[in-house]
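My structure is below; once you've seen it, I'll send some questions.
Should a chain be cited, it is by its letter among A, B and C, assigned in written order, with residues numbered from 1 in that chain.
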Amino acid sequence: MKNRNFITTQDFSPEELGRLIFRARELKQGGVQRTPLAGKSVALIFLNPSLRTRATMELAVRLLGGTPLTMNVGTDSWTLEHREGAVMNAGKTEHVKDAARVLSRIVDAIGVRAFAGLENLEDDLADPVISAFARYAEVPVLNMESALYHPMQGMADLMTVTERRGSTRGVKAALTWAPHPKALPTAVANSFLLAATRLGVEVTVAAPPEFPLPDPVMRLAAGNPGKVRTTTRQEEALAGAHVVCAKSWGSLACYGRPEVETKIRSRYADWIVDDKKMAGAGDAFFLHCLPVRRNVEVADAVLDGPRSAVYDEAENRLHVQAAILEAIL
Amino acid sequence: MKNRNFITTQDFSPEELGRLIFRARELKQGGVQRTPLAGKSVALIFLNPSLRTRATMELAVRLLGGTPLTMNVGTDSWTLEHREGAVMNAGKTEHVKDAARVLSRIVDAIGVRAFAGLENLEDDLADPVISAFARYAEVPVLNMESALYHPMQGMADLMTVTERRGSTRGVKAALTWAPHPKALPTAVANSFLLAATRLGVEVTVAAPPEFPLPDPVMRLAAGNPGKVRTTTRQEEALAGAHVVCAKSWGSLACYGRPEVETKIRSRYADWIVDDKKMAGAGDAFFLHCLPVRRNVEVADAVLDGPRSAVYDEAENRLHVQAAILEAIL
Amino acid sequence: MKNRNFITTQDFSPEELGRLIFRARELKQGGVQRTPLAGKSVALIFLNPSLRTRATMELAVRLLGGTPLTMNVGTDSWTLEHREGAVMNAGKTEHVKDAARVLSRIVDAIGVRAFAGLENLEDDLADPVISAFARYAEVPVLNMESALYHPMQGMADLMTVTERRGSTRGVKAALTWAPHPKALPTAVANSFLLAATRLGVEVTVAAPPEFPLPDPVMRLAAGNPGKVRTTTRQEEALAGAHVVCAKSWGSLACYGRPEVETKIRSRYADWIVDDKKMAGAGDAFFLHCLPVRRNVEVADAVLDGPRSAVYDEAENRLHVQAAILEAIL
């Protein structure tokens, strides 16, 4: 996997993803014995805030002996233009072309976090910022959550499934939409769906009718080994699931129209995942990428209860990212 | 002291505090010979700005061989909710419970800076953010200044006293309120008072009548070995002191009412510590935690004069924090 | 060069600058073999944003075995007052005097980035922030771009000239003003001019009549070994040049009057450096410090074309800074 980008799990075969998870579990068990990143550095470019991603990426680079260079775009460094050929006479102060090429001269990989703009669906579906970095960089580009994908999260989720169930074989997952005070991107849900189905997990996506996942993502998932079903009835998805993954996202039906979207979203406050609903999911364990709006998306009793795997899931970010860095650099 | 929190000096015996200061002086003299934090990492979580704390904590961790992970909450990472059971449908995006538990999985200690809100006295007296971290973290929590305490500063102050006077035995200190353009928290003053009295120093607190220190802190100080007196006459406190520690703080008498507070505070501009006042303090040396509003709190002549120990005091932050990290991790 | 400040290339002899460039090229070729900064740390203080400077300074310090301490003034740390004797009862929270003295106790050098304020020409010509750091610091101060100078950039520019032309002997350079949506400081242009002329390069400065470089800088350049000419005709400067360096800066003729300045600046949009103009410069190569407003300052075809040396120039920041750190610390 040397020198490849890590933009989406779809770019890697199920075998490759499986090997990465296997290696991540080794690293978690035995600690890191080698320093394959000695003398190497990784730029970590944040256009959006982060706790887990920042902490676990910095640590993963260091544990492997490398040097992280963390930058907040727009405060630490310059705001970024990504459109090829742009006449840069407005607010954006540096082109991704230049940032990516300059960083490529001095670091060994570039991690990028650039959330969806949530204004224009077509723009977000093109995943413009991470795509621009991938186009212009001359070193591997690592996706630390883009408009469309959060593959490190998806890998940590599937590593957690593997830890709890031995493997991903025969596993049934419910990916349920959850309420939230704000419209959020679909990246985390997309990457859970894609990573899970690529590794053979059968996924039922439950969401209110106005909250489908993006068509292109659903089509990619449909081409993966694991089956995909969708439902607008949450309890149907939870019944028989081995793992329940909750996440909120904004309505694709009224993208870029926040007033309408807020009104529609507010109708579904009862999609909160609570103990009663989890009771309908047998002995399934519970995943959420965090941060979570407690008692809005998910009840305290679920997050703090015995079936919650959310802290394992967060910790696994560290190990899976170390495995990816080791494989690529 | 392994695996204990460092939230306030009150949690440590005078002997333990003395040992930490002794070790800090050794580290300052001989340099650091060992790397007890090798392979370990410490999250440094800032809800407020910092120069000395950030620089000296990062350096202390590195000098001992460890990795600091520095994060500004709300810009680098998510805003934090600390109330147990909160329904998180408003502005705060992540619960301390989750941040503390996640960090506990990947680092070996968590340093937290979270100033007083200065809106509700009862809230601030409960020291809510650092208490929430201490409640939920599974690794030691280090106080890098909370609503109520700044124990690292208190320890650096007392280390400086020890350097200048040989020991803390028989030392008389004046802790004097000082003018300032803004209402400030009491944390630094509280921790000077508590660390000093715990180590046997006799402290006279001088402040205008509307500017007492918090009752619970005064009661704790009263239970310590060193005597405490209070006065509203600044010159009385300075007379006979071996050390003068100046600090501004807001009026507890009109907490959360900034207009009233500002009016009252502005009456006491003549509490500035200048050369004339220091002349009344014999050969006492001078402490201030910095940053200082020059020529408002303290005159240039004092800060830049031969009796100023403020840069020793700042440097000692590095050594005392290294000693604390070494003892706890 | 041990223990000297690096504020402007004028403080160093042509021989010293030449040795630094020679060493930077060695470091670039052979990698860094030694760790002369082991056990040392360098504070990197940013009052303004940065991508290249932040990334290359952090990396240079680390490559040499040292520890960088990066701080954004005003967000990470406190806002800074620099006027001696100031009564600090307004917005600024800490004096450079205290910040510089405290940092001097705990680090081995202090890098400072503090752009021109662009409000008062006399103030900016005094280069107040970096001068204050230099006055109060007890360790070497490194200029990471001040109101007047960007000497690390100037050195990287001249290193690039040396790489492309073998040496700086007999080299003719065009330093051309370029259009930009905003008024910018003159620091980069000043330091290119000073570093180039100090190393014997013959420089023609081309700019519209309202955009001279500061008189004191022109006088310094006139005293250097290389000749200086000025012209208001861009094509005249480009003809016969071996290297074209483009940069935008604001009009000194209407400093601090943004409305007037914007109107004047907007008249010169045709000063964009494009392929047609570069054709008039024979086989000259092209420099720009980045970030660049593509298709406003410089056309894509130039930046992305075979004569562009802008990424070499950016990479050389790393090597030349490593050479400077090694020489000074």
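One rule holds in what follows: a residue touches a chain if its C-beta (ideal position, glycine included) is under 8 Å from a C-beta of that chain, and two chains touch if they have at least 3 such contacts.
Small disclaimer: the values here were computed from a predicted structure and weren't measured.
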Angle of the C-alpha superposing rotation, subunit A to subunit B, to the nearest 5 degrees: 120
Interface residue overlap between copies subunit A and subunit C, same or different (over half shared): different
Gap in Å, rounded to a whole number, between the CA centres of subunit C and subunit A: 39
For subunit B, residues that touch 2 or more chains besides their own: 75
Of all residues in subunit C, those that touch subunit A in their complex: 46, 49-52, 54-56, 58-59, 62, 72, 75, 181, 290-296, 300, 303-304, 310-311, 314-315, 318
Contacting residues of subunit C [partner subunit B, same complex]: 41, 43, 67, 69, 71, 74-78, 81, 85-90, 93-95, 97-99, 101-103, 105-107
